[in-house]
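Structure below; questions to follow.
Think of it as A, B, C and D in the order they're written, each chain with its own count starting at 1.
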Amino acid sequence: MAIVLGPNRYGKAETRVVRVTRDGATHRLKDVNVSVSLSGAMEDVHLTGDNAAVLPTDSQKNTVFAFAKRHGIGAIEDFGLLLARHFVESRPAVGHARVEIHEYGWNRIAGGHSFVRDGGEVRTALVHSGGGAETVVSGLTDLVVLNSTGSEFHGFARDEYTTLEPTDDRVLATAVTARWRHRGTDAAWDASYRAARDALLAAFAGTHSLSLQQTLYQMGRRVLAEQDGICEVRLSMPNKHHFLVDLEPFGMKNDNEVYFAADRPYGLIEGTVLDDGAPAAPSAWN
Amino acid sequence: MAIVLGPNRYGKAETRVVRVTRDGATHRLKDVNVSVSLSGAMEDVHLTGDNAAVLPTDSQKNTVFAFAKRHGIGAIEDFGLLLARHFVESRPAVGHARVEIHEYGWNRIAGGHSFVRDGGEVRTALVHSGGGAETVVSGLTDLVVLNSTGSEFHGFARDEYTTLEPTDDRVLATAVTARWRHRGTDAAWDASYRAARDALLAAFAGTHSLSLQQTLYQMGRRVLAEQDGICEVRLSMPNKHHFLVDLEPFGMKNDNEVYFAADRPYGLIEGTVLDDGAPAAPSAWN
Amino acid sequence: MAIVLGPNRYGKAETRVVRVTRDGATHRLKDVNVSVSLSGAMEDVHLTGDNAAVLPTDSQKNTVFAFAKRHGIGAIEDFGLLLARHFVESRPAVGHARVEIHEYGWNRIAGGHSFVRDGGEVRTALVHSGGGAETVVSGLTDLVVLNSTGSEFHGFARDEYTTLEPTDDRVLATAVTARWRHRGTDAAWDASYRAARDALLAAFAGTHSLSLQQTLYQMGRRVLAEQDGICEVRLSMPNKHHFLVDLEPFGMKNDNEVYFAADRPYGLIEGTVLDDGAPAAPSAWN
Amino acid sequence: MAIVLGPNRYGKAETRVVRVTRDGATHRLKDVNVSVSLSGAMEDVHLTGDNAAVLPTDSQKNTVFAFAKRHGIGAIEDFGLLLARHFVESRPAVGHARVEIHEYGWNRIAGGHSFVRDGGEVRTALVHSGGGAETVVSGLTDLVVLNSTGSEFHGFARDEYTTLEPTDDRVLATAVTARWRHRGTDAAWDASYRAARDALLAAFAGTHSLSLQQTLYQMGRRVLAEQDGICEVRLSMPNKHHFLVDLEPFGMKNDNEVYFAADRPYGLIEGTVLDDGAPAAPSAWN
């Protein structure tokens, strides 16, 4: 056996940049969290501490700020591509760049320069560039949704450890993390994002659910069915259990009215829905 | 010296209850986190472990669920009063009850029973009842706001450790925690809450700020000026620093466009604005 | 009614400073989080935005760093007093200073300059100085302890919402937040801290508990009984419920072996133990 | 194009179980967080909501508790294998089981049944079983370490965005997440864990570091060199920056004494060290 260096990457994570664009008295705000990871000819630094190939993570941070000034921040997919290409093209030792961006939303209060943070879901983008190939995965996280009826769960497998009662009317709640892979690298990102988010919500609300898996599949399917430019959707959906409280000891019947929202444990449903003709791209997601 | 028992209280914290009300196919959702604290004749349990006066915290949790069924959950101030009065009136050993409730907002997606969590600010209520006196403090937390201009900071005191440069145009951002004390216990809570939230946002947006203290004062003042039923406002506002990035090393001028959003340290501004004729009620806030 | 400014304070929160002291090849590490709050003649800044009395929070941060260099960081109580006195004595507009410090522990790995973070409890100090009076409150937070037996709970009050079964053998677990007020301002802080922590642990382990309130009282009592310099102890102890899992459906008897560690809701027990001759000092704790 | 279901899995996450073993008056405590994920013939539930193949996540939770009773909880690797094999062997529809366990440490206070939580690193295990193959990955997370000297960083690449000054003496701090893959499934897990942890600490402390990458490689190499049963190590190490504070404006020289511990952004160094003859097992890590 010989001990060797395997896959590796390094970079500056979570550079928090806010970009203000002034159109007269009306300002526009972009609030993002940028994480860069570079890989390439990095054997020397690992084996001997020779940093000749290592662009400091501090320089990567500076690049994020400088690009925010020079190019502005449009769709986070575009900003990610811009950064990833820059590192690959400008640094011979960098064979591959990964850029992940999270975007926090803000709504206008009044006037042109006052905003209130939209505390809902976070929009995400993950871009890879290197070796002549590029991938773009868009997504969102922490989209918390709940159906107060229209959800059943019965007919499931049973074993010696099964005590769960079947139900034909339960609360179904989850915090959606969804990511979708684009076929290309030049979509209308903002419109695509809005359409995907709408599709996820519409499918969640519109599916009479016999299981969270079924709902998950419908959500992924809807995104794919509506946008030709998207070829694969990955969803991770915790089943945020809302347990019907037993009120009989107090002489009351709980007719699906009072629920205890539990923290842990929780079900966790993860799945992929894809175009079966799409070329596989496992590294696009990492 | 004699070692004695001082002030004490106990209860069940963070009972997470979701109450669904069905109006035909249209459902209404209340999602709250209820914390109860009782105090009274509790010497014995502390000194000898005699639990005769101790209503279990488990019973308090059950009470929250049972009341949610029986009475529904209207404004959290009312639900808090209902609970607090119940404990004081039904338990001789309980001289005082404190109920704190946090409410999480949900918006409708589509149809009558599908909701998406509003991830913004959390609405709060703190109710005290006991000894013939009652207080109600309403509030909110995590209302994150930002002005991208209209904020200055100069003319400040300087000492040997002062290196800060004055500025006449900075980003001002904060996460507002505001609480306001009502004169009585029977306001139109929901309308009052909306008005107070609107006043806070309007004052934040509408104040050309020379300091965060000035903005804080204007926010509190606005709430008081608009609602006779409110006599005291307490605000806690971290100054979420957005530092202008120095781009000169890269040959660029940063004309208030690119900011670094820092985590720690942060300024913390806390203040009270009140009607000078209002009776003091320090315990209302604890 | 007239709207007026009430109590207020401002400062720099959470300045994270690590101080290294080199004794030849052997280094000593202090890792602290310092929060400063000043108050005094601050009407103008609130009412008109005139900052003449306002020492910037940035200067406060600089002071923390400069004092860490000049004086080193000894016991956090001493460092807090040093800072608080500095602000009160050097700034005419500052009538009162509050300094809160959290200290994170580190253990040595090997050699003189390598450390591993002690992830246990955080040591705390809260110092007030102003108007000729000074108070020092020491403490700790997140000291998580568990007794796997020696805890009972029965003989409690019952009402119509009580379903809890009495038990004579349960798991008792809590995350202790304890604070204790010193009579003076010049104790041997480090020795006092170690003794107080030891007393809390010994009382928790050594008390056969009939209720968490009883345990709490014994913990406070032990600290007071062992240290004359301490006159008041305040404890906040969540009852981190460990529920015995019902294994009967699977044909097994759970003889106090398998527990589910719940998150929410939780009991919350708060209490004070004090020398009945100690002068009251409510503001020492805020 | 046809829309199809891709890879998927489901299970109960974060079942928090505490297992007490009584050896007379001396108790032993195991505190773990167990997450189960099953996959297999799950097309129907996704496509039609037919749950016939779906063992409820609630049953999985019950199984964790029942196994904790019946078998006790020894090394978490063994407990994970036990659970994973059970699901694969007992459920025809389950082709593959993944079990992830986190273990929280406790130290004895005094007596036989009192414990204080060790707040340091969390021990982890990830087990896969299915299709006749099994993998075991052990690890730890949140092992926070710091070298106060013995770390340099210079000779790095520079571009137009590089402003970082080289240094020959800096603080090096990180929160280690390490995972290591075993060749087999029957090691002496506890001894192996202790040896791996020791090796990580020894290599961190013992490496005079020219870059965090070099330190990472030495840490992985040490684990492999000392244990033949381990064939691959993956490390993720944030560079928790400690910036030297500029004290010159206050007339002081900062001789590597006072550091500001920053939150974000941070460097993030990720790498693999492996036996070049080890068979690849990418799915062991997911």
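Everything below uses one rule, namely that a residue touches a chain if its C-beta (ideal position, glycine included) is under 8 Å from a C-beta of that chain, and two chains touch if they have at least 3 such contacts.
Note that the coordinates shown come from a computational prediction; the quantities given were computed from them, not determined experimentally.
Between the chain pairs A-C and B-C, more C-beta pairs are in contact across B-C. Taking shared numbers over all numbers used, the chain C to chain D interface scores over half, which places it in the same class. Averaged C-alpha coordinates give centres for chain A and chain C that are 38 Å from one another. A straight line joining the Cα centres of chain C and chain D is 30 Å long. Separating the centre of chain B from that of chain C, both taken as means of CA atoms, is a distance of 23 Å. Touching of two or more other chains is recorded for residues 15-16, 62, 66, 161, 163, 249-250, 263-264 of chain C. Of all residues in chain C, only 15-22, 27, 29, 31, 62, 65-66, 68-70, 106, 109-111, 113-121, 142-150, 171, 201-202, 204-206, 242, 245, 247, 249-250, 252, 254, 256-263 touch chain D in the complex they form. On chain B, the positions that touch chain D within their shared complex are 160-161, 163, 249-250, 263-264. Chain B contributes residues 1-16, 35, 37, 42, 45-63, 66, 90-91, 93, 153-159, 161-164, 209-214, 216-217, 221, 224-225, 231-232, 238-239, 264-278 to its touches with chain C in the complex.
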